[in-house]
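The structures considered in this document are given below.
Shared between the two complexes below is chain A, which pairs with chain B and chain C, respectively.
Up next, the complex of A and B:
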């Protein structure tokens, strides 16, 4: 508990996401705006799904634990579907806004491409989703206490942190794949994103058996990552050039004037 | 660009609320503007008291704004300056002393009065200089953020619950009316300032950029400043009153007319001879004026907006039992409101109220997250389900 667990879990959960933010998004105000708008859309979807869940709980039998758990599972599934719906809504809004931005700024090319928007909005969704899942847990980990003193798992904080990292990165990959699929009208890809999101959420129903929930989640993360990489235009050749610092386009584009 | 200062202010307020318990304690003290207590027996009585409190507070704010606008219109600049000077004095010395005292109490730091006096003295004097006179841009911005945070903390401590929420709602409606209605006081203030080509007082506005007209490497600019300062000197012998149109209001760094005339007094007339004046006036003025340069144009946000945004987020983190989720939701809601306001600003290109959209979103998300999302997320965290 206390500081070491807090810092460790915070960096596990948010490390990759914050690094991505700092290196690719923080310098461009336009990307920051779209990131926050993505976070806002996720928040609205959560609000709607909690509203429905809340109403369903009020009209149900509050004594029966089985029913409550069933309602919770229903709430999770509904929330996932609403999140994907709002991702689609955000995509539509961005398409419209891009046309508007073009008209306003009187330039010929869009200041931000739809692929960058896909990445930024996915990360926005991920940040908000991760934050809402884990911040209260992190706040509790600062204080004194013993984890799992009543016989629960001792790895609560660590597993929460790893799950959160997976969810944040997954949201980013889903965003990239989803927007690209919407652009190219490939509805099977959209369905695949929705189904993989549902699978990841349903895997967490098995917590606290962390092996059965975390390992498949990371497998899905890895696969989605590869899919998103190829969707975004990456290839094995690109990767090789980038890692050996021979990619001239990348080096030129990132050359900062002194 | 305005995200960073707004975020910083909110972070300072939330960090203080979470660590220093002084600002969430109810000592039973109230401001004189909110005389009705809220710990009453019935809900109806509490509602009535909070409505009365909010009414009194709003009336005070409206009266103060009207007085300020009247003073500005009738050019009583000295009174306004003195008033702003006194209030920033109070904030920078007294409130920051209390803040520092409470922080030391919380962390059990032993401090003697001599060191404390030296710290507060330096902090306050540098703050007064940066805000009312000259200082590095970042330092001025930092001081403005700090005094906004201090003010927000004072409001959070001394305004009772329901009163605070009501005040937030009513003040955003007032802001909307005051800035957009043709007879609204704030609109009159902005238009008068633009007519006279003067900046609005630096102690009230946070600006993201500033252009210094004196001591710049560009040699044309000081002469431009002095050319314009020389002309009113020809017109009138009065000490203070004539405003020197020293720059377009967007780029002025707070060079109030009294400062310019004071410079003339102290340094002597800036242009003494006919010939040099004529020579300078014949300088080619075909340079593009500074205000057309997009990169140097900054966005300005009133300090009151900072204060009320931070107050909303601070109250959310103090009062909500959902803790961090509610705070985060209010934070995102306020930033989105600010985005939308800036978007409208880019479309309409005139002064707009920054409070209504953000506060509306903030309030909606506060109540919705606290009552709907919190139980849902708590249950999910209990079972470790992830959505």
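Up next, the complex of A and C:
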């Protein structure tokens, strides 16, 4: 019966990511390649941070609760910084790769724009980090038990799934904003991405009060979403056009063969 | 392991990073509490039946219910709203009527856990049958119809037969300790319905794993054992069995089997094994230990007398294994004697004296049980009378009185019956009961030190308890048995008064077999590679499967060697290779640890030369491949992968469905939204600045 919890949580955590993958990425091989490469870069950052973690746990005093808590905060901050470093490294790599692609390409324009790359690599980061944060939990959600014998909230699985969904989407938005900021050399925007990432990660220290971690995370998600929307070229006007279905004339007016 | 650690580290890290608040525990630890002490009832099979318990392959899960009274069963069986239930029983409720109601509980029972009390129940408890080994003793329809099936005497009237029932759910035993307290607390916190209302989710539940591989009966499982699909054949069951222990007062050439000319042996027998409902607990204090400790003490008392003035006949001490399960050990020895596979044959057997349950004597009385059927033969009767006479005169001057039950009463369940099945050998079975057992806990987990009244003053260290002389009753019986055996073997009268069992040795043995086998005395008497088997608890006397010798078998062999043998001065290598200068095949050599001398930590080992040997105790049915045999034991034990249990909370069905519903909702709506967005990406993301590249 607890298979329903497993599928429920999987759908919550990965539903949006799967939908995005299906409709926007799966059809174009180049995007799939960059998605996987992004996921790989995130994995490398994880490898480095777990190495540091492994060493620091070994040399720390395991009895001291204060030290262990400090170690945990250190681990989180370090990991976030490493992830953003690797996002930057990936950006640099993509710039180089794009030049190469352009040289190879028969067409004059680039086969994939830097904005598309930002979105695809952000989603790759999100996929991998989402998988790593929730797979352990999903494995145990199959049951037969649920969390709570030591007095924890029984909404643990549900809130974990929602948190993962937020993190996947956030990585996507961060990717878009970060790449754009790098492109335009707006370093304050890069800083904003890093800080919001730190804030979201540190919010999880509020667990097991899930409301106090989930609500601010979703507020940040919403704000980042709007920012990413505008960065990606969206605007309120476009949205209105889209929603009021006045897009046909617009489409005709802007139509050009691709 | 280093790689494994780092993988774990990565996992942990991510548990931390994304959901850092969950402290250092993994998710599994937040959900489950594993039970430390899991003793289960397992499945055994014979020619026609399977008995015992099993869970499903993935373990049985049920909502906990602590049963308070028999009336409370209605909640489990009918009215409770959250079946199936995992029933926690206090031991007074572990009765046949409750268990049979649960057995017929129509799928509303997921399993049972019995909380073993710290003191024995006053009213007695025996999960065995009323007529132990009913069909494999001597009293069959052909031998004497009036005595078959315990027609004359019901030996174990308290027996409720639970051990021989088949349950399709797991049954575990819990100690009354922290684990049990956690379970009770979990029940009280979550499952206790306040005045008539139904309890609210989440509920506390338990999962018990004890899946058994074998099914139906021995013939089926042995056939499945023989099927080899792969290089490593998957076994499903193993025959019960072990090794018998034997020693003789005169060395016998063990390489020459079969009849020995001019040899006449008096067999002094006792049984080694016991059982209870749960396979891992079989203290067998009265049913096994009292008898074989008496025989060991008697053998020790006879050491000097038989070496100084060798009697005409040889005394053969035998300790039979697996007697609980249709006389595995004795039937094998008789079979071997008949087929010239044992060191002597049945023609060499002069008489049999068996020591049964002798620990609980009312008015210091012992009863000499004999077989009325074979005594109809005049010559046999005379031999039996002689043996009784020897026992009677051995008892004079001791605090033991012997008496014979009514002439027409058949033998109680005993190994001697297997000898009688072969031929009318004269013999006596020594018991502390006239008819029904005085043992109120026959083959149960309560047949322990407390049942034998072995107790120690408080505040004694284990070493002081070892030396503390608890009881002299068994010593008296041992002295009597030793003297009677000596007379029966034709020894000289003058030696009799010097034959005395040592109370120190007896109490040390009782302590070691009933309280803890890991003590300084046993450590001296065993080889160094055996010390890891010594434990701070009494040994488990369940016979186990034939592949490995159980701890009690080897302990008894080492004890018998030390108590009847002698120390000889040869090197460790020669000792281990069974070599002395001459007389190679007559003796068995054993290098034991010995004691450490004062101001030294190094033990000084020595070589013990004795006649103590092991012989096979596997039912002949398995050698003959007669898995439906009516003459021999056909018991097998099923194999299992693991036996374990854990408790946790289960969420309500509504919450689970809500989670699934939300998940499906999120998935469908994101599919829809993404489709719309991607189909209108042209419009949405078209700022004037970068029209061509903004398409997604």
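Everything that follows uses one rule, which is that the second predicted complex is superposed on the first by the 242 of 258 C-alpha atoms of A that agree within 3 Å, B and C clash if a C-alpha of one lies under 4 Å from a C-alpha of the other, contacts with A are read in each partner's own complex, and residues count from 1 in each chain.
In this section, contacts are C-beta pairs under 8 Å (C-beta built on N, C-alpha and C of every residue); 3 or more make two chains touch, one makes a residue touch a chain.
These numbers were taken from a predicted model, which means no experiment stands behind them.
Student: Scan A:53 for contacts with chain B and chain C and give back first, second, both or neither.
Tutor: both
Student: Looking only at contacts as defined up top, I'd like to know whether chain B or chain C touches more of chain A.
Tutor: So, of the two partners, C touches more residues of chain A.
Student: Answer with first, second, both or neither: which of chain B and chain C does A:238 touch in the superposed model?
Tutor: The second partner, chain C, only.
Student: Once the shared chain is lined up, is A:117 touching chain B (first), chain C (second), both, or neither of them?
Tutor: In the superposed model, A:117 contacts neither chain B nor chain C.
Student: Regarding the shared-chain residue A:133, is it in contact with chain B (first), chain C (second), both, or neither?
Tutor: A:133: touches chain B and chain C.
Student: If we overlay the two complexes on their shared chain A, which of chain B and chain C does A:72 touch? Say first, second, both or neither.
Tutor: A:72 sits against chain B and chain C alike.
Student: Once the structures are superposed on A, label A:204 by its partner contacts, choosing first (chain B), second (chain C), both or neither.
Tutor: Both chain B and chain C are touched by A:204.
Student: Once the shared chain is lined up, is A:170 touching chain B (first), chain C (second), both, or neither of them?
Tutor: neither
Student: In the superposed arrangement, does A:160 touch chain B (first), chain C (second), both or neither?
Tutor: both
Student: Tell me which partner A:221 touches in the superposition: chain B (first), chain C (second), both or neither.
Tutor: So A:221 meets neither chain B nor chain C here.
Student: For chain A, give the residues common to its interface with chain B and its interface with chain C.
Tutor: 46-47, 49-50, 53-54, 57, 68, 72, 75-76, 79, 129, 132-133, 136-137, 139, 156, 160, 163-164, 167, 201, 204-205, 207-208.
Student: So in the complex, which bits of chain B are touching chain A?
Tutor: Contacts found on chain B: 1, 3, 322-325, 328-329, 332-333, 335-336, 339, 346-347, 365, 368-369, 371-373, 375-377, 379-381, 383-387.
Student: In the complex of these two chains, what residues of chain A are touching chain B?
Tutor: Against chain B, the touching part of chain A is residues 29, 32-33, 36-37, 39-40, 43, 46-47, 49-51, 53-54, 57, 68-69, 72-73, 75-76, 79-80, 83, 104, 128-129, 131-133, 135-137, 139, 156, 159-160, 163-164, 167, 200-201, 204-205, 207-208.
Student: Looking at the complex, which residues from chain A come into contact with chain C?
Tutor: Residues in contact with chain C: 1-2, 4-5, 7-12, 15-16, 18-20, 22-24, 46-47, 49-50, 53-54, 57, 68, 72, 75-76, 79, 109-110, 113-116, 119, 129, 132-134, 136-137, 139-140, 143-150, 152, 154, 156-158, 160-161, 163-165, 167, 201, 204-208, 213, 232-235, 238-239, 241-242, 247, 250-251, 254, 256, 258.
Student: If we count contacts the way the header does, which residues on chain C are in touch with chain A in the complex?
Tutor: 5-6, 9-11, 13-22, 24, 26-28, 30-33, 61, 186, 202, 204-205, 207, 646-651, 653, 655-664, 666-667, 670-671, 673-675, 678, 680, 682-687, 689-696
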